[in-house]
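Everything on this sheet refers to the single structure shown next.
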Amino acid sequence: MLLKEIREELVELNQALPANRLVVWTGGNVSIRDPKSGLVAIKPSGIMFPDLTPENMVVVDLDGKQLEGDLAPSSDTASHLYIYRHREDINGVVHTHSDYATAFAALGMPIPAVLTAIGDEFGGPIPCGDFALIGSEAIGKAVLDAIGNTTAVLLKNHGVFTIGKSGRAALKSAVMVEDVAKTVWLAKQLGEPCEISQEDLKKLNERYMNVYGQH
Amino acid sequence: MLLKEIREELVELNQALPANRLVVWTGGNVSIRDPKSGLVAIKPSGIMFPDLTPENMVVVDLDGKQLEGDLAPSSDTASHLYIYRHREDINGVVHTHSDYATAFAALGMPIPAVLTAIGDEFGGPIPCGDFALIGSEAIGKAVLDAIGNTTAVLLKNHGVFTIGKSGRAALKSAVMVEDVAKTVWLAKQLGEPCEISQEDLKKLNERYMNVYGQH
Amino acid sequence: MLLKEIREELVELNQALPANRLVVWTGGNVSIRDPKSGLVAIKPSGIMFPDLTPENMVVVDLDGKQLEGDLAPSSDTASHLYIYRHREDINGVVHTHSDYATAFAALGMPIPAVLTAIGDEFGGPIPCGDFALIGSEAIGKAVLDAIGNTTAVLLKNHGVFTIGKSGRAALKSAVMVEDVAKTVWLAKQLGEPCEISQEDLKKLNERYMNVYGQH
Amino acid sequence: MLLKEIREELVELNQALPANRLVVWTGGNVSIRDPKSGLVAIKPSGIMFPDLTPENMVVVDLDGKQLEGDLAPSSDTASHLYIYRHREDINGVVHTHSDYATAFAALGMPIPAVLTAIGDEFGGPIPCGDFALIGSEAIGKAVLDAIGNTTAVLLKNHGVFTIGKSGRAALKSAVMVEDVAKTVWLAKQLGEPCEISQEDLKKLNERYMNVYGQH
């Protein structure tokens, strides 16, 4: 079986979406690219999260040819592949409609950098990309056109895409974007939250990427 | 026992209401129509969700005659039956007071189609029907007068009804209406969310109904 | 041991407070009056909910004399007893600081009757009583001065008290007051929710008390 | 092993942060000072909460010298130590980015004393300290400059620090600050909540500290 060692992790990462309250029903999806073979494993379309198994993950090549799996892959597959083809550094993609982040997306509004946690993980505001219809790679293009060098982007009227050097890094970004979206949303109901300076955002991000954690 | 194979599913669907935080205490109810016999199984009135069993579900015919069950059926039974009698395509009905959707209902305000997820599942705005008192089939009439060809409707000052070709489809609609109601509610606190065009809503809905998932 | 058969139920009802997200840490309390002996069992003060046992419940008489229990009773004991002495029909009292209801209390604002669920359980608006300091029976007096013939009352700057013919009925009222407080709070952020007529509120309440459920 | 009897408690207190929904992913941290030896045990940096064990806690002295532990300590260690060096009465420090409290922090806004629960635990408004960058002891200084004689402080654009005579007392303060922040936030969306008088705040706090609970 192709990507045997990736399939179990992919099930866990997908199931982390409802566990972190980022999706409901069958919404949202995670894919992982295997850096060695260049192949991509992705969630099948419209399957309930508890029914996901290593065996029913779908494996495709970068052009979208389905190599393994009896089920149809996620509707977002072409967009995940667009991202992998254009970003060699990225091996994980997560898509959710998490509520607070998607509320910003409904207005086409970026999430401003008013929290140290935003500086830490994102290095600046979380941008909002254009509206694009599902099915083709148009969503993938909208993601990369807007995401710059951060790891999360909102898509207008739609939801959130996050990317990472691994599936786990993309999941982390998806968890954190919803958490900061909630806090910023709450802050905006109290008045105008204070922006953090560019200089401090840069310091926060550099420290978080290079000093925080275990090295 | 009548509808033996439906009773267990009906317990599961009813218990999914508190699991998805759509109801509290004994509120809300699910019914299923058996397409073969035309009989309807429904939750008994005022029983706590953990106490529901296949055996204590109530079976009625389309005119409301109780055929099996020691307990009184849901107070909404006449309205569920009104829906089944007037919509041959519908075999599942769900009723909740889920918080965000019911907040729109308190103002008699439809949920506008500002998210792709609304286009996907509902094909357009989620309408709000008139106020009607519980007990008779008046609520069922208010549901069908307002629901058009979508699967969810708000009822003024009251809550949510969803319908589907199966009990499971109606539950899905109930889960999704609360999720999108929350996101739209959040978006409206940030400003005026952008509407999606009729054309794009139609494309989203057609794709979701015909391409999304496994066929 | 006094009130042996009530103690276990009292532990369950107290533990239902955090399970229903109505309290945090050691906040909130439930008491039950035994209709036969007139004695009252109440939660001990400042004990974590998982540490409550039938044995550590405190039993007092209506004048506050501690008859059993090694621990000091709830700080609200004098107020629970005030309620029992003045309302022979009441055998259960619940106190919480549940978030949405307490938000109304922070402004001294009643919860308006804009939902059928409010008509069902409460028959009209949920009133807000005066500010009173904890420790004496002043809170119990503020509760009864404001509660009229409904089962829940807000106390200004403080929280919620609910009463019932049993501990379980008082718990139900506490769960429902927070649920409707949340929905009304959400509705008020969208605009001005529509009031339900006195006549319809009366019909809803009479039906819910006499027809709903199993009789 | 140093601080053997403190390590297990420290794991429990850290894991109570996600259990109480005060943090996501690896955010937040708890430390405990051993009153006898003066040594401090603290969470390692960037480790997921379920992976914390008594063995991987880090032990440092008050000057920050790492005495035990294979992992790098929390990025906030220097600030925890600043607090311990300047407050002999404090043996527990908790840091979170809990959502509602951090929303106030995003505007540099204290939480006003409009709830009896705030009087009970905090004795007055919860102050907001200055913005400070992570890594040095600057955050610890900002905490002590603002906290006065209460147990919780917001830090501008950042989050929450709480302190206590024990790790458990600091955790309690962290749970309660988020709970009251949520209720006050909710109240402020309904209008202007009523302030409690200085005199009553003092009475509430004295009672809660000296009478409430078991003595």
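The chains carry the letters A, B, C and D, assigned in the order they are written, with residues numbered from 1 in each.
Everything that follows uses one rule, which is that a residue touches a chain if its C-beta (ideal position, glycine included) is under 8 Å from a C-beta of that chain, and two chains touch if they have at least 3 such contacts.
Note that the structure is a prediction, hence the values are computed from the model and not measured.
Following the contact convention of this document, no chain is adjacent to both chain A and chain B. By the residue-number overlap criterion, the interface of chain C with chain D counts as different, with under half of its numbers used by both chains. If each chain is reduced to the centroid of its CA atoms, chain B and chain D end up 44 Å from each other.
Distance from the chain B centre to the chain C centre is 31 Å, each centre being the mean of its Cα atoms. In chain A, 189 are the positions where the chain touches two or more neighbouring chains simultaneously. By the definition given earlier, chain contacts exist for A-B, A-D, B-C, C-D.
Those residues of chain D lying in contact with chain A across their complex are 24-27, 44-47, 71-72, 75, 97, 99-100, 102-104, 106-109, 131, 133-135, 156-159, 185, 188-189. Only residues 20, 114-117, 172, 175-176, 179, 182-184, 186-187, 189-194, 196, 200, 203-204, 207, 211-215 of chain C touch chain B when the two sit together in their complex.
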